[in-house]
Structures are given as structure tokens and as C-alpha cells.
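Input: structures, listed below.
Here chain A shows up in two complexes: once beside chain B, once beside chain C.
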Partner chain A sequence: MAQIELRSVSKHWGPTVAVDGMNLALENGEFVAILGPSGCGKSTTLFLLAGIYAPTSGDICFDGARINDVEPRDRNVGIVFQSYALYPNMTVLKNLLFPLRFTSVKSEEALRQAKAIAELVQIEELLERHPSQLSGGQQQRVALARALIKKPNLLLLDEPLSNLDATLRLTMRGEIKRIQRELRVTTILVTHDQVEATTMADRIICMNAGRVEQIGTPENLYRKPDRTFVATFVGSPPINLIDGHVRNGSFAVGQKRIPLSGSCRDADVTLGLRPELISVAETGLPSEITNIEPMGREILYTAQSEIGLFRFLEATPQPRMALEDRVRLHANPEDALFFEQETGSRIEGLSLAAFS
Partner chain B sequence: MMQTQTRRQVVNAFIFLGPASAFLLVLLVAPIIVDLVVAFTDMSQTVRIDEYTTDQFRKIIRPNEEALLGFELRGSFYRALAKTAIFVFFTLAIFNVTFGLLLALTTTALPDWLGGTFRAIWLLPRMSPSVVYALLWIWVIDPTERGLVNQVLTNVFGSEPVNLFLQHPMAVIVVANGFIGASIGMLILTSAIRSIPQHLFFAARADGAGPLSIARHIIMPALRWPLSYITVFQSLALMVSFEYIFLIMGPARSTMTMAMLAYTKTLAPQIGSGQYAYGAAITLILIVIGVVVALLLYRLTNMKRLLAKPRIEVH
Partner chain C sequence: MAVATRDWNALARRSRYIRQFQNAVLISFLTVISIPVVLPFFWVLTISFSARTGGVESAVLWRACGVLVPAVIAYVVAHLTLKSVRRRLFAAAALTLLAMIALTVTVGNDLHLNNYRFLVNPNLVEDLRGAATAGGQFPWVWEAFFNSLAVAASSTLFKVSIATCCGYYISRYNFLGRSAYLQSLLILEVFHPWMLTIPIFLVIFWIGLLNTLAGPILVLTVIDLPFFIFIMKGFFDAVPWDVEMSAMTDGASRRQAFWHVVLPQVRSGIIAISVLGFIRGWEEYVFVTALRTGNSYWVMSTYLYYVADDVMGVDYGLVAAVSVFYMMPSLLLYMFLQRYLTQLTLGGIKG
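Now for the complex of A and B:
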């Protein structure tokens, strides 16, 4: 278990910048998720921490000591790969014992530790099998056990759930969290799935194009996204975004003016409003239903208003409204978020004065 | 309607299988049948069959009273058998498998451009015409001071020139064949190493494995099947290969392997050739040995599993 720090770490592949000046500090025993789309540099960050790649610039520190040039084997880091990367020619037991082969642990003690870790991830009956004889979920557990057997300083999980089916994913999500809590190992989970990130991690690092967009608790990222990217990436269905301008204390789209609360100079801005925060009421923004998508427990409606399209959710199994129905959309005006179009940053303290 | 379809299928079968079948028949099946027939005749320089006999095989077991040097035929056959075994075993063990493996391991560990360059260099002998390659070897081991080996020996080490043709003839043909043979193993093993998922290497490094442990625990297990293939395939190829031996050593008795013996006794110009029936008998024995060795290796290396289903890990 260790305290991990990245100080303006960058990784370049020729002219391509995979990670761009990343700063990050992890507390001992913390569970952090790196969330971002494919190719945003999240896996590269993981491999930098593991020592598989060397940073182009910047420092990586474990417990305050710079370890840029330390070989992977001397970092005591456990990794679970997306493909599990189990050694195909070895049995499960041999897979688990492999990391201990390079330590001073005696073979009897190694066997005892392997059995203990197998018990922790519930694979005791599978020890004599080969990886090809295991299901995806079982391989996942073996990979987790192999990563944990050395009692690593840092556990790295590279999209560990993406190859599992939906039910198994739910189970493993809970399992990984339970094991992490039990061992109190500092853990970094890399994922492009926001549900995985928000359900498992204490803190989320949202990355895009090699840069950190925001670091915060799942709730923070959802309620107060710092940037348009975070607002769109976190939350499902995605946040409603409507481009407009600030003109004399009003939000202007075409001819429509909505008064603002909070002050802001005139600028091009984007209004963000979560679908979950919109409902249909007696008063509000006049709109017309243009699409109805039943999602099981909820129904996702799309409505065209004067200022643009809004998606919103209603928790009823049967549609209450029909296509082309004229409705009024209601939302708490203070829930509206504003982002500067030029920079993509959220404008602190600015929201709507009314939603109608 | 149905008829046109059936006819079309027949035509397609001919179009697709025709060339390969013709090739097999004309160049492989027919010669084997001819060899089988000729081996049991007395065909010699006149290319005429007077009688069907097992005399040719008897010559191998017993001294032949009719021939001028009848006992020599028997002796040369057993010597050829021994030399073939030595030639195949050492070329395979030292070069085609071991050296090919070393080349594959080292060139994949190097940066891509450097590894690629080395592999290209090792492919040169295979790409150059065999006569050119053989001539280079003849120059390298030339017994006078002009030979490359002797230039090095006399100028660098100050020792006497050596005549490798006379002193180490078997070593010469093993090395000359091995330098070519290693490149096939190198190519097959390189691609096998390349097909190992990158994540396995990452996992092994994170688990604490150094380069040697990775070679032993990650790479070698993945090379089991390609190594079996190379061993089986190359031992059969070496058993019947004689072009480099002939080009470098000529019909020297010191390097007279089975394939060389069959060649010199039948088709080689002006060196006691024309004993077609005897050569055919030797070739037939070589074919039988080849089949037996192939089956043995097939069994030994569990080739059935290799051919049965792809051994690729799909993730």
C-alpha cells in the first residue's frame, strides 16, 4: 500500500501526445477510477505507473520516492488486464505462483499464500485447471488473484469488466470492491464505462485527449462538471446541451430570451441540463414531443422547444404522452449549468432565473 | 436448373483442384511409381529393362560378385546412411532449430529496425542463387592462403592454413546448409513470437520476470508447436537435400549422403553414373526412411494436435 503521486507526467509517441502534463495524488488505500473515451491516454497512464512505459517527462513517485527508472518488477505493482493475460501454458495455481517465483518467498509459504488468495477470490476448486478451461468471470478472478498475491503497493485494473456479460459485470463490480476494501490496497481502475467508475471508485479522474478534465467524487462530476466534456461523458442519457449567447443578463437563443441568475459578461455559452431534472408540468417551457423511447423502467422522451431539443425521463412503464403532444417542460432554474463555448469551462455561479 | 448447377460444381472443382492435382501427379506421384518399378529391375546405362529382380537390394546386404568392386557398393550404402544421419542431426540441432531460435529470440528483442535488418541479412543466403552461395563457400574454405578462413588464420592468428575439404568435410556441409536453413526457423519462430499477446509480456514484467524468465516461461511455451513443425519439416528436407553438398564438395566420398549417393549413381555426369536401378533402390529406401521418420516425429511431437485445431488464444 502506497501513496502515489504523478508530477506533470507526459508521454509522447513520436509526435503523438498520449498523456499531457498529468498531475495526480492518490491517498493510501484509495480507490480511484480513470474515466475517459478510447484513446484518451488512460491505459497509457496505467502502464506508466506499472513501469511498462517510461514517461517522456515528469516524475512518478511512490511514497515520496521518485521511481521513474525503477523496473516494473521492483515496483511491486499488480495489474489486471482487459484480456486477463493469464499464462496459457500454466495451471491456475502456477499462474498464481508465478509472481512469487521472483521473490524470496519459500515454496511452502508461496503455496499457502496462493491458497489464501484463491479463497479470497473464490477460485479454490479451479487451481488445477488451465486458463482455456475457465469462463470469462473465472479468468477474471484468477487475474485478480495473480495481481494481488504479492500484496502490491498499487493495484491497477485495465478495463477489467469489459469482456464480461452484463450480469457477471454486476457481480464482479461488487467483488472487486469488496476485495479492495478487505485488503485496503491503493487501486486505480481504468474504464470507459461511467457506471463502473461511479459505482466502484471513491474518486474519478475524467480524462480526454491526454489531459485531466476533472478530478472529483462521482457526485461532484455529475452535479458540478467543470467542463462540457465531463458533463457529456458522465450521466446517461447524456446531458442536454443547448448553444446560445449571454446578452444583457439573458440567455439568448434565436429570438428567445431567458433571464439569467448571476452575472456574466456577454459571451457564447452552452446551457447544460440533465434529462433527469426535467419533468412535464402545468407551467414551463412550451415544447412538442418528437420521440418516445421506452427503456423498461423509464421512458425517454425527446421534445422540441423554442430553444432546442430536450431529452427527459419519466419513471412510468407506459407512455403518458404521445408524439406531437404539446407539453410544458419544467426544471429548477438553478439546476441549469453554463459552459463557456470558447474554453469549454463551466461558468461558476451562473444559472437561469426561470425556466419557461 | 439442377443439372447446370451440378455441372458448374464439377467445372469449379476442376478449375480449383486441377492445377494442384496435376502438379502432384506429374511431379510427385508419377516419379515415386517410376522409382518403385525401376528399383526392382536391372536398368543401367542402356536404359533398358531386361529382367525384374531384387538384385539392387541384395547388393546392399551382400557383396556383389558380378560387379568390379562389388563389396564397395555395400560399404558405400552404409556409410551414406551414417553420413545422412550425422548431416541431418547436426544441421537440424545446431542450426535450423537452435540457431533459428536464437535468431528469432534476439531479433525480436532488438528494436524493430535493427532486428529487421539482422533478419534480412540472414535471409540473403536463401535469396541468392545456390551456385553463387556455393562458390562463396568454396572461396571461404579454399585450402590455399586465398581462402577467407585461411587468410584469417594466417594473418590474425599466425597459424598454418587448413584444408577443411579434407579435414572436416562433414562440418563444411553442416555449416553451409545450416546458414541457409536457420533462416526458415528464424522466420517461423519470429512470427510465432510476434503473435504472443503483448499483454502477456506486460503481465510477466509486472509479475517480476526478467528477460530470461520471460523467454523461458512466456516465449518458449508458445514456440512448442512451431518448433515441432520445423523439426519434422526440416529433417525431411535435409534428408533429401544434396544440391549444396554437390556444389561445394562435388562427388567426394567424405560427404556422400544417401541423396548424394542416389544422385551420383544415376544422373550425375561422368562419375560412374547410369546405375539407374541401383539409384532407384537407394531412393526407395530413402523414401521409406522419410516416411518412418515423419511418422515417428509426428508421434513424438504430437503433431496431430498441432494440425487438429488452431492453438491461438483468442481474447
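Now for the complex of A and C:
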């Protein structure tokens, strides 16, 4: 277990900037998720930490010491690759014993540890098989056990669940979390699935195009996204965004003016409002239903208002409204978020004074 | 408009018949064209066990082939129709027994081992023609055998180990002039090595390896290298890099990762080029004759040539027996390892 730090780390591939001035500090035993779209530099960040890639600039520190020049084999990092990367020429047991081969652990002791870790991830019956004889979920467990057997300082998981089916993903999500809690190992999970990140991690690092957009608890990212990108990437169905302007203390879209609470100079802004926070009521913003999407437990409606399209959720299983119904949308005005269009940053302390 | 209902059963039956007919035609065709290829092999085998000094009894030849060819065709049919290994083995054993009995009945009296006396008699030529004929220089066959083995095995060892290291390096490292290097490897394949016989002779002469086995070993190693490097590069390209990286984060050095994780995954490639390389060295004739002046060393190919040469007076039985002895090692090697050779096209040759 170690305290991990990245200090303005960058990685360039010729003209491509895979990671751009990343700053990050992990506490001992913390479970952190890196969340971002494909190609944003998540895997590259992991490989920088494991020592597979060398950073173009910046420092990587374990327990305060700079380890840029330490070989991967000396970093004591366990990594589960996206493809699991099991050794096809060895049995599961040999796979598990491989990391201990290069340490001073005696062979009986190594065997005992392998059995113990196999029990932890529940693959005791598979020890004599070869990786090609395992299902995807079993391979994933073996890869996890192999990464854990030498008690790593840092456990890195590169989209470990992306090759599994939906039910198995749910089980493994819980399993990984249980194992991490039991061993208290500092863990970084890479994923592009926001549900995975929010359910498993203590903190989420949201990345886009090689830059960190926001670091915070799942709750924080959901309620107080710092940037438009984070607001759209976290939360499902995605947040409602409506472009407009601040004019003399009110939010203006076309002819419509809605009063603001909080002060802001005139600027182009985007209004953000989560679908879960909107409901239908007696009073509120006049709108017309344009789409109805039943999703099983709840129904996703789309409504056209004077200022734009709003999507919102109704918890009842039966549609209460039909297409082209005229309704009034209600929301707590203080739930509205505002982002500056130019920079994409959230404007602190600004929200609506009324939603109608 | 009503859609005509189809008679699915009739359609299925028809396509089954067509498939069976096509298979039958294909198998017959392959059998017919393989007879001229397989027949000489049986001739040589039969001659080596039946010919008496000088002549060949063609009646014996035809009778023996009349037994062996149907036996082989019967086995091919059995192999294609039987699916389980145990039944195939049983069919093979039964057919061998039948063929043995038939051979004993038809040509039993004409079979003998006299033509294989060269295996135990070191003074073959002297016994035949009197001591003066070959100047006492013609060796015992085992000397040629072990020389051939030395040439084939050591050149194979060199080219396989060099090709493996080079193939790995080209596959994994990006160095200056990498693509130029790859292209030049292919260009080398354009020149047939025989075109270079005279320069090669001169080089070997100057470095003082003329008339030693080291000469052909060196030349054979160098000739096959470009192609082998290319094949091994293809095999290494097929090994995912993250398995190797995983080994390195698991505590292995690059060399240990190569040795324990990467190398076992290209095993079939190594076996394939080893077989190819060994057979190449075993059969080599041009350079072993070009790089000696006189009879400084004998290998199997020169031995066979000498036995078949006029100097001896042509003894078909002896020539056939030596041929059978000569082809045995490569034949066995090929039979046991041919499944690795077929993988050459799968993992092997691609840029």
C-alpha cells in the first residue's frame, strides 16, 4: 500500500498528447476510478504508473519518492490488462505463481499463498486448467488473483469488466469491491462506464482528451459538476442542456426571460438541469410532450418548452400523459446549474430564481 | 400471389448427394495423380530389399507394388472415413498385417537384406572391386552419416537461434532503418545462392575454411537466415505485447519475460523452421561439393552420388538401399513434425 502522486505528468506520442499535465494524489488504500471516453488517455495513465511507458515530462512519486526511473519489475504494481494478458503456455496455478518466481518466497510458501489468493477470488477448482479453457469471467478472476498475489503497492485495473456480460459484470463489480476492501490495497480502476465508476469508487477522476476535468466523489460529480463535459458524461439519462444568455440579471432564450438568483455579468451561458429533478405539476414552465420512452421501472418523457427541449423521468409504470399533451414542468429553481459557454466551467453561486 | 411451398427434404437430399459426389470425385482425382509420385518410392524400397547383384527383377517390382499401392490407398480411404484415432490405428495395423502376408506370399522368396551390407561393412568398395579402386578413400557410411548430421544440426542450431533473436528484435523494437532492413531481407530472397557459388568459394578459401565442415555449415546458416528471420518476426508479431508487459510488471526482466512468456508462444514457429533448416542441411549437395577440393570430407549426399557413380559399376540394389537409408531421417522428422510446418501459413508469413 502506498501513497501515490502524479505531478504535472504529460505523455506525448509524436504530435498526439495522450496525457496532458496531469496532477493527482491518492491516499493509502483508496479506490479511485478514472472515467472518460475512449481514447482520452486512461490506459496511458495506468501504463505510466506501472512503468510500461516513461512520462515525457513531470514526476511520478510513490510515498513521496520520485520513481520515474524505477523499472516496472521493481515498482511492485499489480495490473489487470483489458485483455487479461494471461500466460497461455502456463496453467492457472503457474500463472499465479509467476510473480513470486522473481522474489525470495520459498516454493511451499508460494504455493500456500497461491491457494489462499485462489480461494479469495474463488477459482480453487480451476488451478490445473490452461487459460484457453476458461470463460471470460474466470479469466478475469485469474488475472485479478495474479495481480494481487505479490501484495502490490498499487492495483491497476484497465476496464476489467468490459468483456463480461451484464449479469457477470454486476457480480464482479461487487467481488472486486469486496476484495479491495478486504486487502485495503490502493486501487485505480479505468472505465468508460459511469455506473461502474460511481458504484465502485470512493473518488472519480473524470478525464477528457488527456486532461483531468474534475476529481471528486461520485456524489460531487453528479450534483456539482465543475464543467459541461462532466455534467454530460456523468448521469443517465444525460443532463438537459439549454444554451442562452445572461441579460440584466435574467436568463434569456429568444424572447423568454427567466429571473436569476445570484449575480453574474452578461455572458453566453448554458443551463443544466438533471431529468430526475423535473416533474409535472399544476404550475411551472408550459410545455408540450413530444416523445414517450418507457424504460421498465420508469418512463422518460421529452417535452418542448419555450426555451428548449427537456427530458424528465416519471416513476409510474403507466403513462399518465399522451403525445401532444400540454403540461407544466416543475423543478426547484436552485437545482439549475449554469456553465460559461466560452470555457465550459460552472458558474459558482448562480441559479434560477423561479422555474416558470 | 401465393408463394410456392418448398420441399425442404428434397432440397436437403439433393445437396447431400452433390456433396458426396464432389468428395468422391476429388478423392479419386487425388489418388490418381498421387500414384506417379508415390510409386517410385515403393520401387526404391522394393528394389533395395530384392535386387541381386547387378539386375533388377521387374516382375518382383510389379508384384510388390501391386500389394503396396492398394494397401496405401485402402489406408487413405480408411483414414478419411474413420474419425476416431483408435479405429484408424486399428485399420493401419490390420492393413499392415494383410500387406505383410500378401508380400510373403507374392515375393517372399526374393526378399533379402544383402543390399544393406554397407551399414555394417566398412570396406564396401574394397570387397567389391579390390583395394585400389577408390584409392582407399571411400569412407564407411556412418562417417558420412555423422558428418551430414553435424552439418544439418549445427547449421540448424545457428540459424534458428539467430533468426529467433533477430525476429524478436525486429518485431518489438523500433530502430533506425527498420523498414529498410526488412525490405533488404526480402530482396536477398531474389538472388539464388547458387549464383554466388564462386564468391562464396573465394570467401571460404580466404578465411581458411575450405575442406572443413565449418565451410558448408557457415554457408548454409547464412543462406537461410533472411527468410527465417522474416518467418520468426511474423510469429513474434502474433504474440500480444500486453502479455509481455504483464510479465514485466510481475517482476520479470525483459530477458526473463522473453524466455518464460514470449518464447513458449512461438514454439511452433521455432519447430517449423528447425525442421525446414534440418532437411535443408541434410539434403545439401551443391555447397558441400563446391567447398571441398578432393575427398577431404564425405556427407550423405556425396556418398550417394559416389555409390551411384559409374566408378562402382551401377549396383541398383545398393543405390536403392543407400537412398532409403538417406531419406529416412528427413522422412521421419517430417512425419512427426508436419503439423508444425502447416502452421507456417497461419502465424507465419506476414509483414
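Heads up, the rule we're going with is that the second predicted complex is superposed on the first by the 356 of 356 C-alpha atoms of A that agree within 3 Å, B and C clash if a C-alpha of one lies under 4 Å from a C-alpha of the other, contacts with A are read in each partner's own complex, and residues count from 1 in each chain.
What we mean here is this: contacts are C-beta pairs under 8 Å (C-beta built on N, C-alpha and C of every residue); 3 or more make two chains touch, one makes a residue touch a chain.
It should be emphasised that the depicted structure is a prediction, and the values quoted were computed from it without experimental measurement.
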{"item": "Clash or fit, chain B versus chain C on superposed chain A", "value": "clash"}
{"item": "Partner chain in contact with A:Asn163 - chain B first, chain C second, else both or neither", "value": "first"}
{"item": "Touching partner for A:Lys224 - first (chain B), second (chain C), both, neither", "value": "neither"}
{"item": "Partner chain in contact with A:Pro99 - chain B first, chain C second, else both or neither", "value": "both"}
{"item": "Touching partner for A:Arg146 - first (chain B), second (chain C), both, neither", "value": "both"}
{"item": "Contact residues of chain A, present in both the chain B and the chain C interface", "value": "47, 50-52, 71-73, 75, 77-79, 81-83, 85, 87-89, 98-99, 101-103, 146, 150"}
{"item": "Sites on chain A touched by chain B in the complex", "value": "47, 50-52, 71-73, 75, 77-79, 81-85, 87-90, 98-99, 101-103, 132, 146-147, 150, 163"}
{"item": "Contacting residues of chain A [partner chain C, same complex]", "value": "47, 50-52, 71-73, 75, 77-79, 81-83, 85-89, 98-99, 101-103, 146, 150"}
{"item": "Residues of chain C that touch chain A when the two form their complex", "value": "240, 242-243, 245-253, 256, 260-261, 264-265, 267"}
{"item": "Chain B to chain A touching residues, read off their complex", "value": "197, 199-200, 202-210, 213, 217-218, 221-222, 313, 315"}
